[in-house]
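Both complexes below contain chain A, partnered by chain B and then by chain C.
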Partner chain A sequence: MNPFDYRRAEDAAGAVATVAADPRAMFLGGGTNLVDHLKLGIVDPDLLVDVTRLLPDGVEPLPDGGVRIGAGMRNSDLAADPLIRRRYPVLSQALLSGASGQLRNAATTGGNLLQRTRCVYFQDVTMACNKRRPGSGCSAFGGYTRYHAILGASEHCIATHPSDMAVALSALDATVVVQGTDGERRVAMTELHRLPGDAPERDTVLRHGDLITAVELPDLPFAARSRYRKVRDRASYAFALVSVAAAVDLSDGVIREARIALGGVAHKPWRATRAEAELRGARPTEETLRAAAEAELAEARPVEGNEFKPTLARNTLVATLRDLVEEERTR
Partner chain B sequence: MRVSFEVNGHEVTADNVWPGESLLYVLRERLGLPGSKNACEQGECGSCTVYLDGVTVCSCLVAAGQAQGRAVRTVEGLAESGDLAERRLSPVQEAFVEAGAVQCGFCTPGLLVQTDDLIERTVGQGGGVPDEAEIREHLAGNLCRCTGYEKIIDAVRLAAERTAAQRDGGGPA
Partner chain C sequence: MSGLLENTSTRAIGADIGRVDGPAKVTGTATYAFEHQLNAPAYLHPIQATVVRGRVREFDTRDAEAVPGVLTVLTHDNAARLADIGDAELAVLQSDEVAHRGQVIGAVLAETPEAARQAVRLVRVHYEERSHDVRFSAARTDLYTPGEAEDDEQGDLAGAMASAPVTVDHTYTTPMEHNNPMEPHSTIAVWEDAGLTLYESTQGVHSVRSTMAELFGLDPERVRVIAPHVGGGFGSKGPLHPPVVLAALAARLLPGRPVKLALTRQQMFDLVGYRSPTIQRVRLAAEPDGRLTGIGIDVTAQTARFKEFLEQAGKPTEVMYAAPNRRITHRLAALDVAPPTWMRAPGECPGMFGPEVAMDELAVACGVDPVELRVRNEPGTEPASGRPFSSRNLVACLREGARRFGWQDRDPEPRRRMEDGWLVGTGVAASTYPTGQMPGSVAAVRFEDGHYHVRIGAADIGTGAWTVLTQIAADALGVPVTAVRLRIGDSSLPSASLAGGSTGTVSWGSTIVAAAQAFRERHGTAPADGAEARAGLPDNPNRERYAMHAFGAQFAEVRVHADTGEVRVPRLLGVFAAGRIVNPRTARSQFIGGMTMGLSMALHEDSVVDPRFGCVVNHDLAEYHIAANADVVDLQAHWIDEADPYVNPLGAKGIGEIGIVGTAAAIVNAAYHATGVRVRELPMTLEHFLA
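What follows is the complex of A and B.
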């Protein structure tokens, strides 16, 4: 680890100006990903700007019926928040399915969104990795690909985004509030993360120095019955092989709306728009649910070592939808 | 860099701290508190668990500067008296010894702190003794490569039951 400075920022504008002016400066949230990366040598900053004290850290209702989540809010506090548990259970469930109690107590909303892939080759600085060192190649092809992408990947990178929370936020149509050098702007959660294409070193559309200050959720009444289902190699404390965040608006036996996102399958939380389109206006029979899942995964392209994932994703999606429909029926 | 914070009720200051040091390193190497263990140093094993402002964290992933002005409680702070000669083990520590939940002991300090937290959040808040699923989930971030966990679960249950009995007026168990 090379020497660097640590500074605690007092205000957002100052923090943004400081980081934007120094290509090697980085924001520090809870540190559960960044401190790890410092030790592994994945990043080499000259300055860490701690933003946890200046960022809002609560949940507030918005006049339009939505809610605003402070980017400094700890994952455990967000998961336990009564408003979130009641109105957006999928978010609470996603958070609680991730990491461990100790890590959730430290991790922030902003840091969770910008955590980096857990691809073992990205984390091993002795290996080629286009995300860590552009142009060096991708070691994942032909390697350990259990956690790698089956949708939207490129020949340059098949890494997945590891956040569970981000999958729930994508399904909920969240908006990310970002402060940059030229003021505040809003980015749709579904647009925040990128597909790798030929620039896998860029995880998101943010620019250097952009600070996430909040995440907003729209008023979405049917999200009160939403779910997160995560399939992993052990019952707790493991990243997702595949996960599904879903909410279904069912009335008079017809699906009016569905919001679905998949985790563990792509470089970004994968919003399942094809499945949603199949479900809209349909009766929730087993065949419809299956057809929706088939439609979403029609273009899945597994690589050697993760051939099991399209089937796993399809079945997990159907099972999640089935549970939701069942819950609606017996309400 | 100078870092000052509270550890187990005492104000401490460490000088010449390098920003790349973890809170775990500062505790162990600068403050003479080697109870918290450094096993994985990647947030995976929980052996470095400490309280930071009342919630448990992996101190290996806390940068030293992040602790400035905050309150830390380590495994050394669980025992009931600060006076070494009179120090009594906490109910959680006693239960671990009695239940045979300690083998090599490397995971034990982290488990003790995380168990203390579980009991505080359940029995300590007027709730019941946590069931096995709750215990396992709360301790999911604490890995043990010796015991197979069964005795650890027994110890947690024993400590929780005793704390509940004491709370409900039975006096010290």
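What follows is the complex of A and C.
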């Protein structure tokens, strides 16, 4: 890796000012993604600004019934938080399904959101990649695509976002609190990450120098029975082929509300709004669940090498909803 | 011939003794190659070809040389000429030719590893690129028959297939796989006036010494290789690969200064070998009761265009089952790839996948229990050679395994059992591995300060050699293990053969027995201080008369999720017949380690070659999956008491590799029983079961 300066920031405003002023500066959180990328030569910053000491690292209840998660909170701490486990089990489950114990101990909430999309060709600087070098071409087409997107991809990029936590946050309608040079602003979790379009080099809508300081979850009582189902090639320590974060509000045998997001299928956590619309007001028969899943996946476009993923996504979504409905019924 | 050990009263052999190197390993004080503390080392990072085939026209090294701390850039222009380049893989930096992507075409030497790595990135290489071909297929028209494996035909398999009431004829495939020991290949090389010293992560210090001496035109006495502890090899640290040669070439430019090289995980996928993919057409001809009238395997494997290596996957079919008609063939595809090498039971491991799945298919076709089917086809003598077995207890393993596993009440119908959304099934397969012995070892025994100092240049690659050789020496000398001081892992010790082919314990152990006998014959039971004797590995005339193999049976329970196709293996049970077990603790560790690798092969391991780039693209441990702890649930290894008076003075058979053999077939067979879906390719990923 290239030599760089390391600075520990004292406060958020100062960190933002430092990075915003230097196009070759980057924030350093847990480092579980960035340090790999430094070694692989994917990025070569001149300055790393360590923000792990200054960011809040706890969970606090909000007056409106929601909760606020500090962006510096480690993934393992967040997964184990009693409030999160009780009220948003989908988030705890998603976190625990990700990476390894060692990585979760280091990774932060903000850093987890900002990990880059994953693709073997992005990770190898000797191969063309539009994300690394805009306009150089996409090597994934015609290559190894097992973990690649089937929804919302473009001809420029078919990489997927690897975060499990972000999929749960997307289903929960989380809000991301961002400190920029103009002060604090709020970005809906579903809007934070981008689809690749013709600018796959940009994973999120954030500007250079923007710092995530917190994530807020709304009050969502039925999320107390939410769940995360991750399907992967080995039993632990593997990225999702497909994952589903879901919560269902069922009363009198009718689905009042559903929150669903898919992982492993797109450049961003894929909020399944079509499936949610299909389910709203419906009776949760096997046919209804299947129709909802198929509606969501109607525009799935697999590429050579991941043809199985639409079927896998459909089956996983139906199975997760079925389990949730069963749990609601027997409650 | 095992009288000495039979009569001993101390009985260290067979005792459950903890690893003698355990405390050093768990406290981090066991020194691995890269960790030896030497003064003022320099660091080396390889430059690798980014084309598959062609030649280097020019290096532009100006920016690299400007990096602070860079000492020199090494290329074919300034590297020393080697004395012997008969092995093209080891002809490192001897020309400008590029024969595979990732090949070492240079290196940077620097004061720090960071500077070396940064400078490598700044070297610009201009190539003259040529077209390449890395596509592996049995349909290639340029396949050839390797000289070391002529077609082996007995009787008329085609005729047997044509006339048999029941036949199986399918093609099975295993992918390219990489050895991936936990410790990457690492070297510290030091050139001094006296010669070359190498701290090397290797399966054999003496083979490194002799090969490096030949390459550099040195008297072997001027090369010293040190490897007290090795973090796994799985075959990839048996034969030499380019990195150690590169380190020595670099060190030659910096006389007196240690040069350190540790491969990155990505480089491990380019430079140190792998298991060839195999395509296996398996044919079985049988009577309605399952008795085989014919068995055949036609293997296609790949090799490098510039160096031949054959994955001898047809070998176990010479050994396993009786059948009057037999055909074993091997074909090679020579491609623009790095050379394959030994990996975890080369030959037997992939070669017991296709045939053992085919046997399960035959059991289904005949309506015969798969355990019973194998018993019915038990041969009286080794089928291909006609030689008697020194011992063969496959049937006992199958019966004992069936009993322990609870096989007897098994309903053979597939897709009948569902628990919590998971389809459940069970399967079985056989294991085998030859009981080899490598020539060339010498051991010395010296009595000093009240201890017996036993010296042999053996290698402990995590297997337990430190421990079991101490036990063998203790019994051979008739003293407690605490009276033995063992030294291994240094080429200044008496010569030892490689840790490979599951031959280490029996070859080194038999040598130690001979040396102990020589010591007692010369010095008696009350030796004087300084008394010493040495002996080489004696010939064993029984090796000509008998076929010598270990056998085993593996049972698997598999769950396949009805919605997602996810595959889990909640239970694996192996029973082995491998002669005398020297240490049950280290033996169990080897068996379950092998079975875990077999599980990993069944479900996960797959080196994905992108033919456009000519290299493995999933080249790290996030993308190349090896079984994680959560994949391994209830895994048991047992063995039967087997006395074999012919194999060696210990009565022991090698156990380093048999554990992986047959595991994948047992798992695939269990998945068929769970789902009714027959998978004939590895790894067995979830999409096979999606509907």
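Everything that follows uses one rule, which is that the second predicted complex is superposed on the first by the 331 of 331 C-alpha atoms of A that agree within 3 Å, B and C clash if a C-alpha of one lies under 4 Å from a C-alpha of the other, contacts with A are read in each partner's own complex, and residues count from 1 in each chain.
Assume a contact is a pair of C-beta atoms (placed from the backbone, for glycine too) under 8 Å apart; a residue touches a chain by one contact, two chains touch by 3 or more.
Note that the coordinates shown come from a computational prediction; the quantities given were computed from them, not determined experimentally.
When the two structures are aligned on the shared chain, A:144 is found in touch with chain C, with no touch to chain B.
With both structures placed on the common chain, the touch criterion links A:124 to chain C but leaves chain B unconnected.
Once chain A of one complex is fitted onto chain A of the other, the partner contacts of A:17 are absent, as it touches neither chain B nor chain C. Judged by the touch definition given at the top, the superposed model places A:291 against neither chain B nor chain C. In the superposed model, A:41 lies in contact with chain C only, and not with chain B. Contacts of A:277 after superposition: neither chain B nor chain C is touched.
Within the superposed three-chain model, A:3 lies in touch with chain B and with chain C [touch as defined at top]. Legend: residue contacts after superposition of the two complexes on their common chain; A:312 is shown touching chain C, with no touch to chain B.
After overlaying the two complexes on the shared chain, residue contacts for A:237 are found with chain B and with chain C alike.
Counting contacts by the rule stated earlier, residues 1, 3, 39, 236-237 of chain A appear in both its interface with chain B and its interface with chain C.
The touching residues of chain A, when paired with chain B in their complex, are 1, 3-6, 8, 28, 30-32, 35-36, 38-39, 48, 50, 52, 74, 76, 99-103, 105-106, 236-237. Residues 50, 114, 117-118, 121, 421, 563-566, 568, 603-604, 608, 610, 612-613, 617-620, 622-623, 625, 627-631, 685-687, 690-691 of chain C are the ones touching chain A in the complex.
In the complex of the two chains, the chain A residues touching chain C come out as 1-3, 39, 41, 120-121, 123-124, 126-127, 139, 142-144, 231-239, 241, 308, 311-312, 315-316, 318-319. Listed in rising order, the residues of chain B touching chain A in the complex are 1, 18-20, 22, 41-43, 46, 49, 52, 55-58, 60-66, 68, 114, 117, 136-138, 140-142.
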